[in-house]
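These notes open a run of structures that come right after.
You will see two complexes here that share chain A, one where it goes with chain B and one where it goes with chain C.
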Partner chain A sequence: MTELLLNSIVNGILLGGVLALLAFGMNLIFGVVKIIHLAYGQCVMLGMYVVYTLAVQAQIPVILSCILVLPIMGIVGILLQLLVINPLLKAKANPLTQLLALAGLTIVVENLAQVVWGADLRGINIQLPIISIGSVFVRTSNLIAFFGALLTLWGLYLFLNRTYLGLAIRSIAQDLDSARLMGINPRRIYLITMATGGILTGVIAAFFSPIYAVHPHFGGSFTMMAFIIVVLGGMGNLLGGFIGAFIIGVVTSVSGVLTSTEIADIIVLIIFISVILVRPQGLLGIRVSK
Partner chain B sequence: MAATLVIILVFAAIGVFPYFVPSPYILHIGTLIFIWSFITTAWSYMGRFGLVSLGHGAFLGVGAYTTGLLFNYFGFTPWVGMLLGALAAVGLAVVVGYACFRFGVIGDYFALVTLALGEVVALTLIAFRDITGGSLGFTLKSKGTSLFYFQSEEKIHFYYASLGFLVLALLVWKWIDRSKMQKALRAIGEDEIAASTLGMGIIRYKMIITMISAFMTAIGGVLYAQYITYLNPHTLSGVAPSLEIAFKAILGGMFSLWGPAIGTALIISLEEYFRVAYGSTFVGFSQIIYGLALVLLIIFLPKGIYGSLQDFVAKRKKS
Partner chain C sequence: MLEIEKLNVFYDEFQALFDISLKVSEGETVITVGPNGAGKSTLLKTISGLLPLRSGSITFLGHRIDRRPAHEIVELGITHVPEGGRLFPQLSVYENLRVGSFLPRARGEAAATLKEIYGLFPILDERKRQFADTLSGGERQMLAIARSLMSRPKLILLDEPSSGLAPRVVTRVFEFVHQIKSQGYAILMVEQNVRKGLQLSDRAYLIESGRIVKEGLRKTFLDDSYIRKAYIGL
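Then we have the complex of A and B:
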């Protein structure tokens, strides 16, 4: 039993790494564009289908497909901004209507995937060895995803904190009007943020591809998970999201082993509800009064 | 006066319609529209006061499953089951509603809590698969045509029954509109702090409207289950149906009596049209167009169809 528990904790931490990346993308978009990107998991799913198409159908080497998916998903992000989010911002719809519009978008993306790729499971079918450390077994693909995610997060941290563009993005997130006064064009920053968010979905898709087989409803649960993490850590709070990802990763993994997957999901949702009720600003957030 | 006449005429037309066009397919679509209009109207009871719930699937599921399970296992008549199911939904609404209102959860955050609630109910239904049939759902035992068991093999019976329920939901709306509660809730919806300084019991009013909405939504769930005679957690609770209810009401216009019903009628017709026209050639294609239509409608008519129409008419009158 302790071995099982230990295994699930380790795997939960590994899952947490990728979830952190997922939540980071959603958080960044929420912080800057002020939109809850409800179709984020669906974008990851789209990225996985792109990897599948490139690697299996076009016979391109897996590594190359995983690199090619990044610019493609970046373009998808830009298209989303131009075609959906800009008109939504222009229509001055209230936040709730925006939420519903993006929920409508998930219907579009999921069914598009079903029309193009069918409802079957699609995987790139590569077998990576399983490593054992003592009594703990770890899949290499999970390990790669974990360290890859941490590395990507480190890169993003440097991008946001050390470059001029990163500074511009952070200033837009903090105070739109002041940023405008400093000569920053919000439209351009929105576009760059959505492109970054899009490339991130590509990165996640590349890491997920060796682990999971993709199907049209693959994205939904990950959107939900990312969203729960974002709320847990505090909306727009990047560090909070990072910690939240590991908490949720371990909780799902451990409760999944101890009970059933449904009960595990229920526990996570109840954590989510309690956080909103008791600490709506999230674990690390500061309460902002209106 | 003219408006009342139009309404009476419309209802008369809907009432005699089956005698002129006895197509079971059209009757089926009509019944679905009435049932979902009933549900979206019940949703709008609270939605119009700024309590936008994205988890009404929870009440739908609790109502339908309580009734269905009591009937299948113990042979309870759905009429009693409906009441018990609705009361169970009210119980759930009391727990969640009180927690939300006590902690001052409003707006987006309220929407998110309820969204999670709908999913919790769906997952609970799936988790107790020994009783509920899990993801596969379960079928109600067939009793043929029986008023006592609220089942019928004739579509026309459900057509009129659901129409009657819809009228009831609209009357409840009218009743809320005339009550003191409506004024209080509108004040609360606009500015909660200002309303509380006037000595209004914010929690009490919000609780009452949430309970009414949950009660009616649960009855809507029972109606739907009795008509389809099949219960599934994915069509009754969870994220998808919860969002659909909100979609329909908001698109139609949740601030007006007819808005939710019009939105429901439009979306169901749209869905059916695309399904029939393209469903067999491209699976999923109809859903893409449906989703696109939703996104476009939200972008271009943020106030909903009926709301935008009202604005348009008001503008016309002014000029």
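Then we have the complex of A and C:
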């Protein structure tokens, strides 16, 4: 039993790494563009279909497919900004309208996937070895995903902290008008943020592809998880999201082993609701008084 | 340098500014005084492009700027220090200054400008690693002014630099404004502290209910019995 528990904790931490990346993307878009990207998990799903199409249908080597998916998903992010978000911002749509538009987008993406790729499970069918450290067994693909996600997060940290562009992104998240007065063009920064968010869905899709087979409703649960993590950590708070991701990752994994996957979802939500009852602003969020 | 002709600005149906015409020349310090809600801040926000105008024209160094977005107006050399400073609270003092030099033409000179600014405001050098929201009110105002200088401006729009500050700190902030003025920048200032503001200025405008009701040199304003009674309290 203790071995089982230890295994599930380790795997939960490994899952947490990728979830942290997922939450980071959603958080970044929320912080800068002020839009809750409800189709974020669906974009990851789209990325996995792209990897599948390239690797299996077009017979391109898996590694190359996993690299090609990054610019493709970056372009998807840019298209989303131009076709969905810009019109919303231009119409000064209220938050509910924005939320509904993005919720509508999830339906569009899921059904599009069903039309193009069908309802069956699609996977790239590669088997990476399982390695054991003492009594703990981990899949190499999970290890790659975990360290790859941490490395990506580190890269993003450097980008946000060391470059003028990163500085512009952070300042626009804190005060839009003030950022405009510094000579920052919000439209351009939104586009760059959505492209970055899109590339991140490509990165996650690349890491997920050797682990999961994809189907048209694959994205929904990841949107949900990302959203829970973002709210749990405090909306817009990147560090909070990072911590939240590991909490949710471990809770999901451990309760999945102890009970069943369905019950695990319930336990995650109970923990989430309990935290929000005590701290409505999230773990590291700042309470906004009106 | 800056010429405003018959400017009309609305908030939806409510008209905030009526036929405002105003001028700032090279190296000049101009102050706009008037009661709360008269439209002084609106005027500055319209010049810097944060608010749209209904009619009229704004010309800066020969360029029409009244239909341009805010980030292009900064590029031409107008910087706006909003009321309360509007710093980026979760960026360090240094990062606030760095983002001030975001414009490509300012970036190349950022290191030199930064050195100049640390010379002018040594306290910012000492606190460069602190988050902006840990600074005192006076320090915040200094940082806001310093950040705007990082863009290498020609004209500085200064909105209520003394707002919310203790009297002793106000004196210091005005000393800084004076230092900046003596470096040759043109300044268009909005200020509640009419006496201190006038002492620093070359010319002044009085705005009431969105209209310019009086304009003139500093001396005429300081000697005007209506201004003295209503705004200086003598």
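Here is the rule we use: the second predicted complex is superposed on the first by the 290 of 290 C-alpha atoms of A that agree within 3 Å, B and C clash if a C-alpha of one lies under 4 Å from a C-alpha of the other, contacts with A are read in each partner's own complex, and residues count from 1 in each chain.
Operating definition for what follows: a contact is a pair of C-beta atoms (placed from the backbone, for glycine too) under 8 Å apart; a residue touches a chain by one contact, two chains touch by 3 or more.
This one's a predicted model, so the numbers in the text were calculated from it and none came from an experiment.
When both complexes are overlaid on chain A, chain B and chain C end up sitting side by side without clashing. If you count the residues of chain A touched by chain B and by chain C, you find the higher number for B.
Residue contacts after overlaying the shared chain place A:A168 against chain C, while chain B stays out of touching range. Legend: residue contacts after superposition of the two complexes on their common chain; A:V108 is shown touching chain B, with no touch to chain C.
Once the two complexes are overlaid on the shared chain, A:R180 sits against chain C while remaining clear of chain B. Between chain B and chain C, the shortest distance over C-alpha atoms in the superposed arrangement works out to 16 Å.
Taken together, the two complexes place no residue of chain A in contact with both chain B and chain C. The touching residues of chain C, when paired with chain A in their complex, are 48-50, 69-71, 74-75, 79-80, 82, 86-91, 95, 98-100, 102-103, 106-107, 147-148, 151. Within the complex formed with chain C, the chain A residues making contact are 164, 167-168, 170-171, 174-175, 177-186.
On the chain A side of its complex with chain B, the touching residues are 84, 87-88, 91-97, 99-101, 103-108, 110-112, 114-115, 119, 216, 220, 224, 231, 260, 262-263, 265-266, 269-270, 272-273, 276-278, 280. Within the complex, the chain B residues that touch chain A are 52, 99-100, 103, 105, 107-109, 111-113, 116-117, 119-120, 123-124, 126-127, 239, 243, 246-247, 250, 282-285, 287-288, 290-292, 294-295, 298-300, 302.
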